[in-house]
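All chains are identified by letter, namely A, B, C, D, E, F and G, in their written order; residue positions are counted from 1 within each chain.
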Amino acid sequence: MRSIILSTTAKLLGPLLLACSVLVLLRGHDAPGGGFVGGLLAAAGLTLRAISEGVPAARRAVRIEPHLLLGAGLAAALSSGLPALFAGQPFLTGRWLRVTAPLAGEIKLSTVLLFDVGVYMVVLGTVLLMVFTFSEE
Amino acid sequence: MIEILVSFLLFSGGVFTLLAGVGLVRMPDLYMRMQTTTKATTLGVGCLALAVAVGVGGAGAWVRAVAIIVFLYVTAPVAAHAIARAAYFVGTGRWKGTVIDQMQGRYDEKTHELRGAGPGGA
Amino acid sequence: MNVVIALPAMLAFFLWELVLANLKMARDVLMPLGRLRPAVVAVPLDLKTDWQITLLSILITLTPGTLSLDVSTDRKVLFIHAMHVTDAEEFRRQIKSGFERRVRRLAP
Amino acid sequence: MNIAADGLAAKSAGIVLVMLAVAMLLAVVRLVKGPSLPDRVVALDLVITVSVGIMAAYALMVGDVAIMDVGIVVALVAFLGTVAFAGYLERGGRR
Amino acid sequence: MTALMAVVVGALYAGAIYMMTRRSMVKLIIGLALLSHAANVLIFTAAGLKRGAAPLVPPGGALPAETTADPLPQALILTAIVISFSVLAFALALLHRTFKVSAAEDIDQIRSTEQ
Amino acid sequence: MKLILTLPLVIPLATAALCLLAWRFRSVQRMLGIAGAFALLAAGAALLHAVLRDGVVATQAGGWPAPFGITLVADLFSAVMVLVTGLIAAPVAVYSSANVDKRRESFGYHPLFHVLLLGVCGSFLTGDVFNLYVWFEVMLIASFVLIALGGERGQIEGALKYVTLNLMASAVFLAAAGLLYRTAGTLNMADLAVRLRTQTEPGLAGALAMLFLVAFGTKAAIFPLFFWLPASYHTPPVAVSALFAGLLTKVGVYALIRVFTLIFVHDTPFTHNLILALSGLTMITGVLGAMVQNDFRRILSFHIISQIGYMIMGLALFTPVAVAASVFYIVHHIIVKTNLFLISGITERLGGSHALKRLGGFYDSRPVLGLLFLVPALSLAGIPPLSGFFAKLSLVRAGLQVGSYAIVAAALAVSLLTLFSMAKIWAEVFWKPAPEGREQAAAPPGAARGMAALWLPVVALALLTLYLGLFPEHFYRVCERAAGQLLEPAAYIEAVLGARR
Amino acid sequence: MNLAAAVMSGFAVAFLAPVVHRAARAYSGWLLALFPAGLTLYLAGLAPAVWRGEALIAAHEWAPSMGLSLSFRLDGLSLLFSLMITGTGAVVLAYAGGYLAGHPRLGRFYTSLVFFMASMLGLVLADNLILLFIFWELTSISSYLLIGFDSEREKARQSALQALLVTGGGGLALLAGVVLMAQAGGSFEISGLAGAAALIQSHALYLPIASLILIGAFTKSAQVPFHFWLPAAMEAPAPVSAYLHAATMVKAGVYLLARLSPVLGGTDFWYVTVTTAGAATMLSGAVMAYHKSDLKQLLAYSTVSVLGILTFLAGLGTGYAAAAMAVLLVAHCLYKGALFLTAGTVDHETGTRDIERLGGLRRAMPLTAAAAALAAVSMAGLPPLFGFVSKEMLYEAGLRAPLHAAALTAVLVVTAMLLFAVAGAAGFRPFYGGSPSTPRHPHEGPPSLWLGPLLLAGGGLLLGLAPALMENAVRYAVLAAAPGQPVPLKLSLFHGLNTALLLSAASVLGGLVLYGARARLIRFGPARALGRWGPARGYEAALAGLNRFAAAQTRVLQSGHLRYYLLTVVGTAVALTGFALIRGGALPRQPVFGDVRWHEVSLVVVILASILTAVRTESRLTAVVALGVVGVGIAALFALFGAPDLAMTQVAVETLTVILLVLVLYHLPDFSKFTPRVGRQRDAIVAIAAGSLMTGLVLAAAAAPHSTGVAAYYLENSYPLAQGRNVVNVILTDFRALDTLGEITVAAVAGIGVFALLRLRPPGDKP
């Protein structure tokens, strides 16, 4: 839809949604949210872009092909389960690393977060793939 | 005191939202319905969000309340704009009491361009 | 004018208008419909950037009995639906001296 | 600072919740009556907005701001549906 | 409230099944969408409704509030939502293709594989 | 244990993920696909070996104790099923390389294939009802895409029915799982077994059992829930048909056997007699459906239904011999039916059609193919000494032991009609002279491409059928032990819940 | 070498046969005949031991868990049969090499034939019942492949199928009978059942067991009314007819009767059923043979008749009968084998098998004529051929029948008269008299074509002249088939002037008369009617009826209409679950409303009204909007009942769904009402029933006692152990991460699916 109002708003909301999505992803373990909603929010941002500026513009904004996002997401989620396996624990057992970073305070790096990142990527990839494909019909 | 302020905000929000509902049912054409809903809900939800911020207090509540208000204030007009525009294309009727319509006939049916200058223009 | 002054000024004006608008709206919703004078008015724009135009249209939508419908493709005209229009010219003047002026100051 | 779960504000919230729910019902009346598709979309829009209000009032009632997070997400993404409908109508899609 | 929710569940299922048994292609989609809602609300209701507190551990504490909702059904429903959304999206694409290849909007016409 | 139970999931998922990452590189995907399938086969063999050695094995995914986390558990039945999955996956992967065209390969055939395997293996290994739902869905969505991949009219129209009916079944499954959680307070199947056994009042459990019966029964394609299968199985490329024919319905059968031996055993006079009646009707309606078909793959499709009846007949009779017979029958059927579909692909490649009336003359032009057809075809009809005979014999013995004469009579009559169908295919495709004008069509361009990849899997599966027929004892013993574990699930429960009890 | 190896070697040779054929070409028949010849010698070498009363046993494990062992047992009965099988096998293989010389499928023909021979040998040697059944089925399969050998002809394919279905069906009955018998008698070994005869015969299931086994035997041995497949099987090449459908396979049923009569026989049921079937078969077979003019048909019906006689003898159960059976088996094998082969040669050389069009062939093919004449004389029961010995013993057995001896003997005599006439028609008619012109000009074929028939027919002469050669073989066969019965006779051509001899003379006279009057009698024979209304028509009608029923059933069930499928599935679910719900008494008497808040009620109303709108509207977009309201309403409920994660996800997903729906609907047709009113009402009833059921289930679940579940564990351990405050998310990413792993796989595949469906189109499809 060609509209100045829409496309200008999209320029504001797109990055905002992406930022929110990362926030939701990272906070998901402690507050409502998580990889799935995060991925959906990110996808919503890009969907908005696709609606206001057309799919090619949205594709340019994503840079990566959605298929690769799917593969990478699945690989990330899967590989989050493997360290435990090598350590003799059951598949998908969580392994944690606490890092104190400036600004963000204490960050819990963990296989669980990696798992959620995988979820995020897959959801983003699949929704984008769907929206782009349907839009381009 | 805070309880009273919160209650006041709450009731304001509730009343405005309810009015939006009434307006939506009562108003005679699409555009007038949109007028009532957009306006009333923005203030309605705004009051309610503020009520939470004041009532619950703390950074968490305030950040969330402000976020809701800002997001809603940005997105609601865009949605209204999109719908209004679309309604023009599908020819949704205007109320017979509409006195002036300076947008009539300015949309190009093919390109969807909206002419700024021309007959009836400013 | 400085943004530091313009922004709060605009916000204050907007909030005031908002409350006013909603009170008017409450009246409109509850009173007989015959009092309403809805109209779609073309308002010529002096704003240049997309950001300004968008901001203006959002503010207009959020406030009294007015609703931004669309901006002409050449960005020169904003079409506004309003609930009480007796004189289109008067309405245009109100918009231009109200929100448009403030928005222009915000981001020249 | 916090409000008591059984204080005035919480009670008000309870009443306001009913008002909001009634507003939602009114929106559904418009949904059912139509007559045009844009009218119905506007009704959906109102339902969405009112649901944000409900979440806020409820958050206040139970004193749990986590519910507000839902409102944020709603406020952020729900308008996309409306925009999509608009785009559909603009493209000349059939009702 | 459970009884009312049970009615919602029933209405969702009935609506879904009625729409799925129409011959009009698009109604099938609506039916499928209702169907996924139905299952979710059913699980949610059957698990026991508890007003208020979400299963969150408040900052500083190690345990959630005394009476929180059962988190497990919520997790199950979340998973189910994602799955049914995915499947619904696929079904949409499939219907789209069906209409394109068989040019029939009446599902009863779609029998080429069984004749 | 941890590794060996996890590999059947990790291997296909990793293969699928890597294939997605190699989206643009078809040949890389193809090699990954074949390698993954063989790796799965190896993992299945290792798993069965471990279970034969150590008894029921279990691991708690995420390291959370049962019943709070998700348990992966393999008794002999599960292990056998996983191994058979590998045994089917490997040949079909090889066959695919010559049967599936480039277009489909470019649009994700290989990752989909492995996701399907993931869903199948997950279903066999999970010890959790809801997780079973998830793996079912994984399998289903992959099958949805695979069946429609290519976009031909038949595929799409078949897929519409396949998808809709399976979604209905999934909805029933999901509802049943949710209600079961409410009733028993747990989703872990071993825990459910314990809790439902100690529950004094069956009440809701009986109704839930019926929901599960409908959900799994639809997936298994029993009477009167099988409609999706004949509507769709003959539409995709043969490799896909073969994979589906071998594996998909059997996951439904697996689930039926699992829940109706482990969880819903409180009212067997009702539930299992109901299943018995359904099994008879499934056999009969399926075989009668096959009688009137005139298309190679559609005949085979209807026979799948018919044979599902045999598989659940063993479950319904609910004796050690009967359940062992069911397990034997399932494995036999998977190998044989897959092979028949693969053969139909070869005759299609050479004869240009699946329609019986357009085929013919292969007895003279491809006598070895004739022999290769006879092995699975006669096995399917229960002709000795092939695998199907021992499957049938065991079921007959089991039925006669408990005096279920009607079902035995049905089973025997249906096996005669199966023989009739196989003879019909034989007569039409092999004996009958090639139809006029086939000579030109006989060698479509590129027909010779990768013929070895088509033949080798067929030979391998035929040898497997012969092996199971000529040396049935060893495998039958395994089935007997599997049946023992199924009917006396103490070991299963112990392995899952451990010392907690 | 032991018995198992002897049998198994046959299968190996069968699959080597094409190789041998490719190497030896013209001599392949001779070369392959060496194998059965060798087996004959091997078995003959075992004869002395058997005749000393030893039973030779070779037992190996096969599948003990299923009652199957690879156990073989050679006693007098088996020996008799196996010598026939291997001996005739050698002759037939040699003959086939000449008869089918140059045929492109000769290699595979050998395979089937040798495969059959091995199976047949296994059948008569098997001691294990399952093993016996396995070989039984294998003979059916090889028979199928051999009947359909000329597969270009549809008739051949149909006949093959018919034989397969009839014998296969009988086989299944046999399987059931055998398993039941083993369960009743406690053993799968025939030798093990010998002592259990009383147990089995007093078993409650004796009648079913005996009936099932008899069905198996009767179908295989072509007893009326299952005989029709055998004449149809004459589609097979002559060597097959001679070998399978005269000399050996069809005798498998008789073998089974003889083998099991110590276990099952001796009861009234057995006696009456078997002798009646035998008598009916011998008579009707003979009548039908008499009416045929096609050489092979005539021989086939005469075989049916002889099979009837053999069955009859097996049913009598006396030592006399067993001895007569053994002698007739051998005699028939020799003369009928020879006659089929000469018939084949005649067909091969002249191009016709119609005896009306044949004559005077003895001039062109003297050796064949000689063989045919010898065989015919034996068949006619004239001295000094073995057939005469056989007939004498037959009458003797008939006269000594325990019941109705006179009537039964009369049937035997009539049959013999008819067979006398048939023998004349088959063995003399084509070779004597004038020489009408035939499609091909006949001359004597290569040795392979005449040597075999001559050997068989000569065997009949040799045994007729020196019947004592057979004495041991017959005695020990009788000992096996009728243990404990006296074996009273010595085999000789002349037993003195007794009743049997008089009957013999009478039957020769009668036979001569019938032969002379044949041309006149066949015109109004009852056989035509039997051909038109006989069981063959029954078979066809049954098959056609079954086909029609199958088609109708499939049309109804697999109608192609998705909505009927859905209604059936839903209806089944509702019926079963509803029944179980009521049966279990889980439905609460009163719904539990608990405390209800007004805003919740409003939300519920919002949802219900939207569902109704979605269902009732005639605008699809309105339905989508209504769907959106339903989704948002549910999300609000989730939020109100402590599930913010759910609410959040629900709204996001709902929005996305709406977007996708809107994108796709653009390309899809409008809502339409296709279903007429009645159909709509029916669907509505089913839908409402399903909805009510689900409501009921939820209410029942809510009323059920809440068991302490696993929920507390998650709440308690989420933060301490899994380091997450959002318990739901911790479940998703940690406690039950495996679910989520599967779930994202579903999502990923769905994305690919959408992409592939919309982008990958069949070649030539327009975008």
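By our rule, a contact is a pair of C-beta atoms (placed from the backbone, for glycine too) under 8 Å apart; a residue touches a chain by one contact, two chains touch by 3 or more.
It should be emphasised that the depicted structure is a prediction, and the values quoted were computed from it without experimental measurement.
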item	value
Fewest hops from chain B to chain E - one hop per pair of touching chains	2
Chain G and chain D - chains in contact with each	A, E
Of A-E and F-G, pair with higher C-beta contact tally	F-G
Central chain (distance from its CA mean to the mean of all protein CA atoms)	F
Centre distance in Å when chain D and chain E are each reduced to the mean of their C-alpha atoms	21
Centroid spacing, where centroids are CA-atom means, of chain A and chain D in whole angstrom	26
Averaged-CA centre spacing for the pair chain G and chain C, given as whole angstrom	89
Intercentroid distance (Cα basis), chain B paired with chain A, Å	31
Shared interface positions of chain G, touching two or more other chains	558, 560, 562, 566, 570, 597, 600-601, 620, 640, 644-645, 648-649, 652-653, 655-656, 659-660, 663-667, 670, 694, 697-698, 701-702, 706, 709-711, 714, 724-726, 728, 732, 734-741, 743-755, 757-759, 765
Multi-chain contact sites of chain B, meaning residues that touch two or more partners	15, 22, 34, 71, 74-78, 80-82, 84-85, 112
Sequence positions of chain C contacting 2 or more other chains	57-58, 68, 70-71, 73, 75
All pairs of touching chains, each written as two labels joined by a dash	A-B, A-C, A-D, A-E, A-F, A-G, B-C, B-D, D-E, D-G, E-F, E-G, F-G
In the complex, chain G residues that touch chain F	61-67, 104-105, 108, 130, 133-134, 137-138, 141, 144, 148, 151-152, 154, 157, 160-161, 164-165, 168-169, 172-173, 175-176, 179-180, 183, 546-547, 549-551, 553-554, 557-558, 560, 562, 565-566, 568-570, 572-573, 576-581, 583-586, 694, 697-698, 700-702, 704, 706-711, 713-714, 717, 734-739, 741-743, 745-746, 748-750, 752-753, 755-757, 759-763, 765
Chain G residues within the chain E interface of the complex	558-563, 566-567, 570, 591-597, 600-601, 604, 607-608, 611-612, 614-615, 620, 623-624, 627, 630-631, 634, 637-638, 640-646, 649-650, 653, 656-657, 660-661, 664-665, 667-675, 683-684, 686-688, 690-695, 697-699, 701-702, 706, 709-711, 714-716, 718-720, 724-728, 731-732, 735-736, 739-740, 743-744, 746-747, 749-751, 753-754, 757-758, 765
Chain B - residues contacting chain D, complex	2-4, 6-7, 10-11, 13-15, 17-18, 20-22, 24-25, 30, 33-34, 37, 41, 44-45, 48-49, 51-52, 55-58, 60-61, 64-65, 67-68, 71-72, 75-76, 78-80, 82-87, 89-90, 92-93, 112
Of chain E, residues touching chain A in the complex	54, 56-57, 78, 82, 86, 89, 92-93, 96
In the complex, chain E residues that touch chain D	51-54, 56
